[in-house]
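Multiple structures are listed underneath, in structure tokens.
Two complexes, one shared chain (chain A), two partners (chain B, chain C).
This part shows the complex of A and B:
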């Protein structure tokens, strides 16, 4: 299985712009399936972007975030060729991590 | 309102063109697909004189500047990417008998989307890409998959992705049954049905660029070139089968089974009249 995280980080001037797309069902727990049974909640709780050992972006997410969420933000600093580490953990304890090079 | 005032003459023009395509010298029931396709294309290019022909494949994004900007941003990070990857993986993974999807298709299934659907003279019916994929599975002892989403969408997304930019090249062989299939597809396209009494053409010929509730309607010209699509409304991928059945239920009609003969014919007609326009699938739609 390929990574659930797609990232693109581009540095220009003194900021780095980051875009990420994460594959996750993000079930809210309020939706029923075709048989009328509730789909149990299953969503990302914490999403972290780390650069140079420091968190540059941390999101506390809940059931209200849509399926396959997309994030875009920028932070001060960042150098071309450096690593940006992205990880998430969901309410079932599942997790995924990936590292992207800043371009 | 601006396009509303354009609408009446345009509809008349279509009617005129439709009749012009079948001059009275020929019996009115003599089908003439090349003339149909030309009239169809001309109707849309006259209705939207600013658009380039290849822009039509981007549906509502070509109709509205705001949406076009959003789309450009979206395309930098397209939501169908996961599906293309899944399709690629499925394509490379052999079936239990050691064969794979690639063995069922010309050129290993790469870059051939523009040739589907085609008319199979042995069977005497139209064969769509989705149908061919499930037949490939069954011929290799695998259970068929759902026509509407997930795996089927992933496979067609990958096949469309490898065919991007290639112009639709649908042929009507010299076989009366092929012409009949084309005519039946055309009939389906223009026949009103459902509680709302809409035909496919009501939305996608009369009113592209207009809003239906919050959405902008796509032109019928090039509408299949972008399939399969990731629809934000569905939060997932959908195939041509999904689009047809959903359209039918939205007009409060009873949808047919996916890949029913009528849908196969409809896909044949609609693809034929978009001949020459490039494959742009998989697409993303709001």
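This part shows the complex of A and C:
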């Protein structure tokens, strides 16, 4: 299965800008479906970005983060060609991990 | 009968043990309660903070202190969001020693939307997209040097994103 995580990490000067887009329903538990039944909550709780064995960014998310979440941040010290490891875990225990090369 | 009794008392003992641990850790924590204790607490997913209904309760649960408004926290959010399911919101700050940035939507069923840890070397600037149930204040909290700073902006929502 293709990864749910799409990442672009671009290095310029001494900072690396990271943009990530993840495919996930991010159901809040407040929305009803067409039959009027509540869709149970299903959302990513933790998203971690690791570079060189250290986390450079950790997101704790609630159900109020939009469907197919997007996040952008920057960190200092990334090198072109190095790996950035991204992983998430949701409230049902599902996870996904991918690595992206810094460009 | 005996078996179920045992099960019950074992469970009870666990709960009591938990209570004792909390009681022991509780007061001991106070002298260190500034940076290190909260940094350690922040390593886990803050379940309770995300379940809190109001913004004040969520901030208290997450950080254990209150925030003061600061002009150095720049919150970028639209004046009007036509679609409450996707509202682009970003925060940046000129404050030094930032350790975390959090986003809250006051009128959502659970106010806390997202909380980001900013390790040393990561820039204090985050962009994301949030759901908003209705017109509400959006609050950005920046934790810098062990203190909390905030910025607030009202976003008008024409179509809500948190319910039917």
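Here is the rule we go by: the second predicted complex is superposed on the first by the 103 of 103 C-alpha atoms of A that agree within 3 Å, B and C clash if a C-alpha of one lies under 4 Å from a C-alpha of the other, contacts with A are read in each partner's own complex, and residues count from 1 in each chain.
By definition in this document, a residue touches a chain if its C-beta (ideal position, glycine included) is under 8 Å from a C-beta of that chain, and two chains touch if they have at least 3 such contacts.
Every value quoted in this text rests on a predicted model; they were computed, and no experiment measured them.
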Chain C versus chain B on the shared chain A, clash or fit after superposition: fit
Dominant toucher of chain A (residue count), chain B or chain C: C
Contacts of A:70 with chain B and chain C, given as first, second, both or neither: both
First (chain B), second (chain C), both or neither touched by A:46: second
Touching partner for A:61 - first (chain B), second (chain C), both, neither: second
Which superposed partner A:31 touches (first chain B, second chain C, both, neither): second
Which of chain B and chain C A:23 touches, first, second, both or neither: first
Partner chain in contact with A:6 - chain B first, chain C second, else both or neither: first
Distance of closest approach, chain C and chain B, by C-alpha atoms in Å: 5
Touching both chain B and chain C, residues of chain A: 66-67, 70
Parts of chain A lying in touch with chain B, wherever the complex brings them together: 2, 6, 8, 19, 21, 23, 66-68, 70
Residues of chain B touching chain A in the complex: 76-77, 79, 81-82, 85, 89, 235-236
Interfacial residue positions of chain C with respect to chain A in the complex: 45-46, 50, 85-87, 90, 105, 108-110, 112-119, 121-123, 125-133, 161-164
Contact footprint of chain C on chain A as seen in their complex: 15, 26, 28, 30-32, 45-46, 54-67, 69-77
